[in-house]
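Order of writing sets the chain letters: A, B and C. Residues in each chain are counted from 1.
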Amino acid sequence: MRSARILLAAVTSVAVVSLSACGIGGSGDSGSQSTANDGPVTGDVTGTISFETWNLKAKYSDYFTGLIKQFEQQHPGAKVNWLDQPADGYADKLSADASADSLPDVINLSPDFAYPLYKKKLLLDLDKAAPDAAKDYLPNAWQGNVMPGQKDNYAFPWYLNTGPYFYNKKLFTDGGLDPNKPPTTYDELAQQGLTLAKNTNGAFAMLGQTPQIEDLGLYGVDLMDPAGTKFTFNSAKGVKLVELYKSMYDAKALLPEALSATYTGSGKKFLAQQVAISSGSAYDLQTFRTDAPSLYANVGITAPMTNTGHANMYVQGLSVAAHSKNKATAIAFGRFVTNAQNQMAFAKIVTVFPSTAGTLNDPFFTQDDGTDIGRVRVASAKQLANGINYTPVQLSDQMKTVLRNELANAMLGKSTPQQALDNAVNQCNQLLGH
Amino acid sequence: MVTDDNAADRLPGRREPNSHCVRSSQDAPVPSSAATDLRAAGRGARRSGRGIRRHWRATPWLFLLPGLAITLLFSLYPFVNTIILAFTDAQVLGGGNFTGGANFSRMLHDPQFWTALRNSALYVVGVVPFLVLLPLLLAMLVQRHIPGIAFFRAAFYTPVVASVVVVGLIWTWLLDSRGLVNSVLKALHVVSEPVPFLTDETLLLISAMLVTIWKGLGYYMIVYLAALANVPRDLHEAAEVDGAGPVRRFFSVTVPAIRPTMVLVGALSAVAAFRVFSEIYILSGSSGGPAGADISLVMLIRQVGTGLNGELGYSSALSVVLFVLTLGLMLLTMRLNKNEEVA
Amino acid sequence: MNIRAQRPGRIVLRYLLLLAVLAISIGPFLWQLSTSLKGVGEDIYSYPPQFVPSEPTARNYARVADVVPVWGFALNSLLVAVANVAANCVGAALAGYALARMRFFGRKFVVLAFVLALLVPGESIMISLFLMMRSMQLSNTLLAVVLPGAVSALNVLLMRNAFAGLSYAVEEASLIDGANAWQRFTRIALPSVKGTIAVVAIFSFMFSWDDFLWPLIVLHDPDKYTLTIGLNYLQGTFASDQRLIAAGTIIAVAPLILMFLALQKYFFRGVGAGAVKG
């Protein structure tokens, strides 16, 4: 048993050495450094900053290099290094940067990514740092980046989007529905879905996706308490929506595969003409035209379903790192990229929408030019004017998984809708507390 | 293309079929036979007065430096760190306080943990018997040196060299609702509707097990081949003379002779099965199956511990559970082996 | 063995069984190959299934490279695997030699460290490893993929056993000739354990080329992806076309199958040795 004693000695000695374990303390809570967070940032717009975008380099390289050149010309002495991170692994990249305290000066974030960074005091409070900025943007877009329990905003609103619904007119006709009257509310969706399922005997389905958190929001469920400290979507209204979906699932109006499919799954099933309606973005229209011409000929576009009268709005923002060495430059650049003129130019090459005040009134967004894209654009812009970002920033990926799994259990009949939502709320609240 | 007709004959440990492998990790740092060699050699060296101490004091440490540094830094240190983190609420974005056993008590009430644990355990139960038995039968099938046997041995081993990801993707395509398997089943009028191999919660887990078994067959076949070569032929012949049929000879001669190898294969496949990740991950399209019902313990560790909101503390606690249970499985099978030796 | 003693019926049955298992074990690869060679015009879901492509084409291999940088993935995999092989051979041989042939205080302790490392499942330390890589600013680098397995404890113990099994006589003779430890190691011991080194090299290559979970955790930039996570990425992002995925998997698996066919005996020999790893 000598070896056992040696083993013990080895383990204890290593343990003593590593009492300051890797992963405890360290990054993040270095609040003392961020004293500059308390008031307006002033100073010369000069020096080098880094600017990180999310999955934009491949397609829009020209736009950004032009933008940067222009900024550097306007501010001699300022230099911008552009980094781009592909869609996959953005969270890991941010976490690596955050823990090394090397976040880029200007970072492209959606609110749910901004939230954990904000919690670690790694982002600049822009209401304080740039008090005159808010008025430049749509109030609802500015509000979209206000962190819960705070009055202040942590990102300059950048591009907005909203998902129109695409539907397959041929499948609608085959299913005995009126192809000119796509559903506009969730109740209509369920009603039409059941009709379609009855008429087609399961040959194809109405929908390829179980409800997401934004569906609950769009149905009018209060997702969180006003203070944003706990989830509340297990209300009677939430149960009602889940019951609607459950009835669709039982009738095979909701594709059985949807239970394991991710969001792209629903899009693919629509492409394969196995579901009759699916949410998407205006960008998808192009895919239909090239990849599925027969679908393209029959595709109809309609506003997202909503029972609240508001559409769901997706927001991207530009945050400034709290520990940036050139805050003045970073703020100036963030505002430059998100100003009305540059957002308008960006919206013309990508199908996204500007978040600056008044820009959506441009004829480009109000007048239907007769093309499909134009039609979607006008419809979407109209919704965005009063759109709401329904996805709570506190909802982490882990919580999304919990919700998806619990709702799948409800669809499968392993739990009642009420139990499923109760479970989801409990687990999410527990995760929130951790 | 296949050149080596006698591969099995050249296997190491042929004379001492593999039983040392398990023992080595148990009671001694060194497989016993080698240790004896070393001790004997050491004595000889000392007696001759010269010995192997003829080197500069630091020399052994220089030789050991790369290997030992890597092992301490990237195996043992992270291991200790995992144990420490398991008692904290550390997050991916830093911070973290000691929280005692909170992570472990949280586990008790975490339905995902129980699902994951159940699936990993089911995986062991579902995979191990097949991986103990099928490769043995396969080894007996390829044991004889009939023409072309080397080709068959090589072909049966091929799935072993392919990565799990490749194998997983191949089977994802085969088991697709419109894939080959369903086409064939339909053509044979076995089924009228496609079998939902990849979308049904139970079938998905079974499909993943099938993939694991398919990929493991060749590997354990080679392990068994080495053991079978040691079964004295006269035993078989004697049994045959006594009029024992092939089935009876299998149970009365073959199985007793290679029992230690069977226990070894059981141990190895059990430990591997308990740590399953890739098969389920790939077959379920990274989702863990409908409602996450097919998630394994390793999948849960990854899911909990990564991402911007990753919970390092809880994930580490799950890792500790994985380690303890894996070790338990190993000890259990070694206990079986020991009893066997005594008997 | 004694074929004549067997009745011809038994032999036929044996071959039939062999062919059946053959179909099961390499059939799936051939089906994947067949899918990868089918043109866009050919229905891959056709019923009954078409085993031989009607118009074989290599276009899918070019197309998969348009969709994802599959050759870049392959290069990354190769770099990682080669580094892994080199590190394992050198590191394990050095450490194994020291443990087998040198006497020094703390040797038992060191052996114990290696055995302990062998017992720790990689999956249970991956999160902690990820943290380490992150704090060393190595996350998302190929170096981080290589490091944890750079000198595996199993290989050290394998090499140690190989050296311990060598006869002392020759080394003692060279000792008289005044050879130092390094010379004894490189000139006498090393050439005698070539077989074990080959096994270490081949299995290091295979484990590294096939590794999935660790690169999945530590890499997040598609430019750095190795083939296995690249394939997973291909599947997740562009699953619409099975032909492309099939082409991608063939690209990933072909080198290993070829290597296996060329170096079979080492693969088989490694099974016995590597069985400890589990």
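Note that a residue touches a chain if its C-beta (ideal position, glycine included) is under 8 Å from a C-beta of that chain, and two chains touch if they have at least 3 such contacts.
Every value quoted in this text rests on a predicted model; they were computed, and no experiment measured them.
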What are the chains that chain A and chain B both touch? C
One chain pair leads in contact pairs, namely B-C
Averaged-CA centre spacing for the pair chain C and chain A, given as whole angstrom: 40
Approximately how many whole Å separate the CA-defined centres of chain B and chain C? 15
Counting only residues that touch at least two other chains, what does the list for chain A look like? 3, 22-23, 26, 92, 95, 99
For chain C, residues that touch 2 or more chains besides their own: 108, 112-113, 116, 128, 131-132, 236, 239
Residues of chain B engaged with two or more neighbouring chains: 29, 72, 76-78, 81, 85, 285, 306, 312
For a test of understanding, state which residues of chain C touch chain A in their complex under the given definition. 108-109, 112-113, 116, 128, 131-132, 134-135, 137, 139-140, 219-222, 233, 236-237, 239-240
In their shared complex, at which residues does chain C touch chain B? 1, 3, 11, 14-15, 17-18, 21-22, 24-26, 28-29, 31-32, 35, 45, 47-49, 87, 90-92, 94-95, 97-104, 107-108, 110-121, 123-132, 147-148, 150-151, 153, 156-157, 160-161, 164-165, 168, 172, 175, 180-181, 185, 206, 209-213, 216-217, 227-229, 231-232, 235-236, 239, 242, 245-246, 248-249, 252-253, 256-257, 259-261, 264-265, 267-269, 271-273, 275-276, 278
Give every residue of chain A touching chain B within the complex, in rising order. 3, 11, 14-15, 18-19, 21-29, 91-92, 94-95, 98-99, 113, 116-117, 119-120, 122, 256-257, 259-262, 265, 396-398, 401-402, 404-406, 408-409, 412, 414, 423, 427, 430-431, 434
Chain C contact footprint on chain B (complex, rising order): 1-4, 7-8, 10-14, 18, 21-22, 24-25, 29-31, 34, 37-38, 41-42, 44-45, 48, 50-57, 59-61, 63-68, 70-79, 81-82, 85, 138, 141-142, 144-146, 152, 154-159, 161-166, 169-174, 176, 178, 180, 183-184, 186-187, 214, 217-219, 222-223, 226, 233, 264, 267-269, 271-272, 275, 277-278, 282, 285-286, 298, 301-302, 305-306, 312, 315-316, 319-320, 322-323, 326-327, 330
Which bits of chain A are touching chain C when the two form their complex? 3, 6-7, 10, 22-23, 26, 85-86, 88-90, 92-93, 95-96, 99-100, 264, 268, 271, 291
